[in-house]
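Have a look at this one before I ask anything.
In this document, chain identifiers A, B, C and D correspond to the written order of the chains, with residue numbering beginning at 1 in each.
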Amino acid sequence: MIKAGIVGGTGYTGVELLRLLAAHPEVKLEVITSRSEEGMPVAEMYPNLRGHVELCFSVPDMAVLKACDVVFFATPNGIAMTMAAELLDAGVKVIDLAADFRLQDAQEWAAWYGQPHACPELISEAVYGLPEVNREAIRTASLVANPGCYPTAVQLGLLPLIENGLVETANLIADAKSGVSGAGRKATVATLLGEASENFKAYAVSGHRHLPEIRQGLQQATAEKIGLTFVPHLTPMIRGIHATCYAVLKSAKVDLQAVFETRYADEPFVDVLPSGSHPETRSVRGANTCRIAIHRPQDGNTVVVLSVIDNLVKGAAGQAVHNMNIMFDFVEDYGLQGIPLIP
Amino acid sequence: MIKAGIVGGTGYTGVELLRLLAAHPEVKLEVITSRSEEGMPVAEMYPNLRGHVELCFSVPDMAVLKACDVVFFATPNGIAMTMAAELLDAGVKVIDLAADFRLQDAQEWAAWYGQPHACPELISEAVYGLPEVNREAIRTASLVANPGCYPTAVQLGLLPLIENGLVETANLIADAKSGVSGAGRKATVATLLGEASENFKAYAVSGHRHLPEIRQGLQQATAEKIGLTFVPHLTPMIRGIHATCYAVLKSAKVDLQAVFETRYADEPFVDVLPSGSHPETRSVRGANTCRIAIHRPQDGNTVVVLSVIDNLVKGAAGQAVHNMNIMFDFVEDYGLQGIPLIP
Amino acid sequence: MIKAGIVGGTGYTGVELLRLLAAHPEVKLEVITSRSEEGMPVAEMYPNLRGHVELCFSVPDMAVLKACDVVFFATPNGIAMTMAAELLDAGVKVIDLAADFRLQDAQEWAAWYGQPHACPELISEAVYGLPEVNREAIRTASLVANPGCYPTAVQLGLLPLIENGLVETANLIADAKSGVSGAGRKATVATLLGEASENFKAYAVSGHRHLPEIRQGLQQATAEKIGLTFVPHLTPMIRGIHATCYAVLKSAKVDLQAVFETRYADEPFVDVLPSGSHPETRSVRGANTCRIAIHRPQDGNTVVVLSVIDNLVKGAAGQAVHNMNIMFDFVEDYGLQGIPLIP
Amino acid sequence: MIKAGIVGGTGYTGVELLRLLAAHPEVKLEVITSRSEEGMPVAEMYPNLRGHVELCFSVPDMAVLKACDVVFFATPNGIAMTMAAELLDAGVKVIDLAADFRLQDAQEWAAWYGQPHACPELISEAVYGLPEVNREAIRTASLVANPGCYPTAVQLGLLPLIENGLVETANLIADAKSGVSGAGRKATVATLLGEASENFKAYAVSGHRHLPEIRQGLQQATAEKIGLTFVPHLTPMIRGIHATCYAVLKSAKVDLQAVFETRYADEPFVDVLPSGSHPETRSVRGANTCRIAIHRPQDGNTVVVLSVIDNLVKGAAGQAVHNMNIMFDFVEDYGLQGIPLIP
């Protein structure tokens, strides 16, 4: 049993971490912090946790956090980078579910996130926590930058094509659709049921913060220059991301299905569907699985990859638990074996 | 490990049984039948089960079913009553999730279900599977009639009041709201998303099949005559039942909160919320829990009980698994420990 | 053509007023105020109005408002009562869609709304704008208190029973369900899609502000003492209220269907459905109609009245326009002839 | 006043036609046919039409239809092609909302629709009813093939780019998302609320019937070869299509905003939004408007066009009424002036 702490647990990634860690056979939940909700029982804010989690929110206390084996940051961007160093120095492993350590370039980070990076010296130490790419590095990492939700769905969909040099990399397209929980639990007009239900729209077409993160991940897989158009959309549901990725094939003579099946053969959380399938977001609701299907419509030169995840699990808290399992040498699917709910 | 079979597994109660039994530590899924889908892998119809259930649907075969320790009927009404006797004779325990054995009066059954009862001699042998009322009888039962979804929510909400003689029984009201999964997975116009979404309506106000079942359950708790008005409504969501029950108090001098807390003190799946609470259906989504709150608005003579369940779990498959656990002397919450998903 | 102004037009009642008034043959929209959005074109906040409304939001200016023939208050509670007197003195007719003038008792108002009433002397002058009850008074009124959404649905459902002395008035029950637009357009966590979708709950069971308003309206129809239990619920959809009303009949010998049909025979916006019907909220979406069905389950002594409205139309902006039409002697359904959208 | 008939009016396009025609100042609804629902009042199936449409469904009767000035086919594919000739011979104008006359090539039609074309000789006579392309031909047409929903949204989004030779035509991408009403009102499991809500998926990626229709429309605008990848998705809402179109620019030196604004300057039903906008499907709900926004992310060589319509209005019934208005020389927006409902 290890001791785990969560900083900033009132948001959707926080409650999802609690749901997963509460059922984890090797984890004891030690502390969950929130300045604004100090003293409130977690189960009062999240009634699904009644009977499962007895903790109350508490004000962040470094001494308490340092007594943990691992600390998760489920905070807004910009918090982890101010606290991580001290925890790492104390020998605590840190997994940041926010974006603070995802980009390798501190200046690019500052440009996209609208603030200077408070701790650029830790960036090179941080391992980007996409296990399907960085499993070995994660194993020995002290600081893991947990990937964003869109970047997880899009990279898993496009990487096999790029790693194998199968597509033109200059005009990649990722048309992604997300449920509203991706926007978090903060009160905003745009995500009210009265505004977001019975409605569909694109947003941030001119540039979304996940664009540089995806581009960086794809670029690391090839020497060719990556050109990516990324368009996120808001879809009227709570959970789920569906990425529809388009690329132009260099050659028609390739068994795409085999490429993907081989690439992910040993991955416990990537499920390549049979040829001709259409993955549904609900098929992974609550699960840490990414399901992928590959199409080549009309046997043309355009490949279409469909990739679905639960944005709060494989796109956030589940992947964080997966990373923890790897870092602490637990069985990789501990705490992640729940079966999605259908209907 | 016991061997379990499911007859008629293509509907929502069927898939929910599969989800729960697949993760049950004492159960081996042996067979799941469907005439129409013979040969189809279960996980093809229900992609959430990919990687969890390897079975294919098969045509019902008595020899195979008789080799099971327990057989669940997740069939339409009228099937279990034609097959149960033979299975019971073979020593198989039977849990019927349909309505065949819920009413004690075969003629009343025939009147409400529009067909003669095929097996009236088994009715008296059947135990009504509401553990909070019949736990001891369930322990030794061979045939369990698993309660309906509305009857579960309404009875758990009203029984403490009636058992303790606290309310006038002549004019009870149960105003119940259900998600559309209660109507099952069959293709009907009324439950299309285009018809049922962004819409709210009552239905079957003149008389719903669950009315006699609820009335029977309440009547067994008192010598006074039960008069019940039951109005079900369809609400635009997938899972969940919210029953709002109204009764007139005989006396104002009673601590209703204490009555309910005492009544359900030892029940693992009934959660009496703190005074003043408003239970949410999502707080039990996917879980076998019934959450209840008691109100007496303006300190008047009307008590309002709010009772929520997941219609497919505590209202169907979960309660069936609970009954199985009791019948086979397993720990009562085996297979039923999953934490609801919020958001 | 009359000139109309709207104070506080950024909320859902405001945009709905704009939608209706923009198509009204006798109304010229003169001004719409909002302190926070000064200068923003209305159609930028509400893209449905692009091409239909050219106005920009402006800071409230008494001179401009006084030049109107009618001013609607679509403000939070507590604003109209500070501005109405001056407008009335200038000969402007005022229709308040908030609650400032709904209760006849200023002290009761203060108790429920948590602030002293700023203008108690106008209360007796205000006419409660339920045309089916007060049409003649509305015709000559200068100040109309537009009814709340729940009160409209519940009163229209119960009044025929009470006016005709058909039911026991001591234990009336109104179980009401509303879409989330009833909570307005302000950003709150509870009405986020991530919180309110796939969920059903009661709220304010201990006492909702619409309770005294309904009670007052029912009490005015009878000398017997009204006892009412009112339980509102939040249902996962945008628009619509469904009130399910229960009362105990004094006598079984009454043709309830005829009572309702007679009561509303001349009402353009109340539609009594054929016996046995179940009105759907979507059947009135966007329309000023209240549809009602009457049931007496199992021919018992309990009458069940089902009453549906669009909370933003008959429950707010549409009824306000109806009141205006009566006050200015326009054809009653001017601007209110749109056909609901199904699906 | 002209006399209008509708063949096959029980589906969603049928009820939408009724909603629009019932309020049209120059149209008298004469007959609406349905074999299965003969004798049922239309307003019983569609309660929104209560008080607006008095017609009952009747069995198709050629004599009655021939007495109309215009007959709309809101039937499944394959019906209009067996009845159109006789009506045209009788001088009746015919507008087919199904696909029978959309493709110029009868063999291609047969291949995509799985049946031989019953009336190939009429194909060349039929005018494809996209007013923004064929207004003059529609004016004198006797037979109009009303466009499909996806083809309307995609063509309006891509045509200005193609007509002006601005993009590479070999690798166009149309990623389209539709509400479930696009699948019609027939009972199917896939469009149950229990299946389609809280879920997002692509479908028919290998080839959708609207692909050849879109390709034909785009090809007519250029001599260059059109290569199109079209991926439709099902989104959990009732109405609305959002098409996200991608193309590679030949040159960066072009004012795309001006190109679109000029192209649609005189079109009453195409609204080019200000630069940087993100159109929402709800902004056109119930309206015949197509709203379009143009983006060039990161000033790269990929243009992204966002195009939204209401699939049942501009994508079906509304466009049919628009075509009728043009054919009979009515004001183009007669019957189409309704303002969308927000929220």
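One rule holds for everything that comes next: contacts are C-beta pairs under 8 Å (C-beta built on N, C-alpha and C of every residue); 3 or more make two chains touch, one makes a residue touch a chain.
Remember, it's a predicted structure, so these values are computed and weren't measured experimentally.
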Checklist entry - Once you count every C-beta pair in contact for both, which comes out on top, B-C or B-D? => result B-C
Next on the checklist: From the centre of subunit D, which other chain's Cα mean sits the farthest off?
Outcome noted: B
Checklist entry - Upon optimal superposition of subunit A on subunit C over Cα atoms, what rotation angle is obtained, reported to the nearest 5 degrees? => result 180
Checklist outcome for this item: Cα centroid separation, subunit B vs subunit D, in Å, comes to 45
Checklist outcome for this item: subunit A and subunit B have mean C-alpha positions lying a whole-number Å distance apart equal to 37
Item to check | For subunit B paired with subunit C, centre-to-centre distance based on mean C-alpha positions, whole Å | outcome: 39
Next on the checklist: Please output the residue numbers of subunit A that touch at least 2 other chains, ranges allowed.
Outcome noted: 12, 179, 181, 185, 194-195, 197-198, 236-239, 279-280, 282, 285, 343
Checklist entry - Can you list the residues on subunit A that touch subunit C in the complex? => result 12, 179-181, 183, 185-189, 191-198, 236-238
Checklist entry - Can you list the residues on subunit A that touch subunit B in the complex? => result 12, 15, 19, 22-23, 46-52, 181, 185, 197-198, 238-239, 271, 279-280, 282-287, 289, 291, 312, 337-343
Checklist outcome for this item: Residue positions on subunit B within touch of subunit C in the complex are 171, 173, 175, 177, 179, 194-195, 197-203, 205-207, 227, 229-231, 233, 235-240, 242, 244, 246, 248, 276, 278-282, 285, 295, 297-298, 300-302, 304, 306, 308, 343
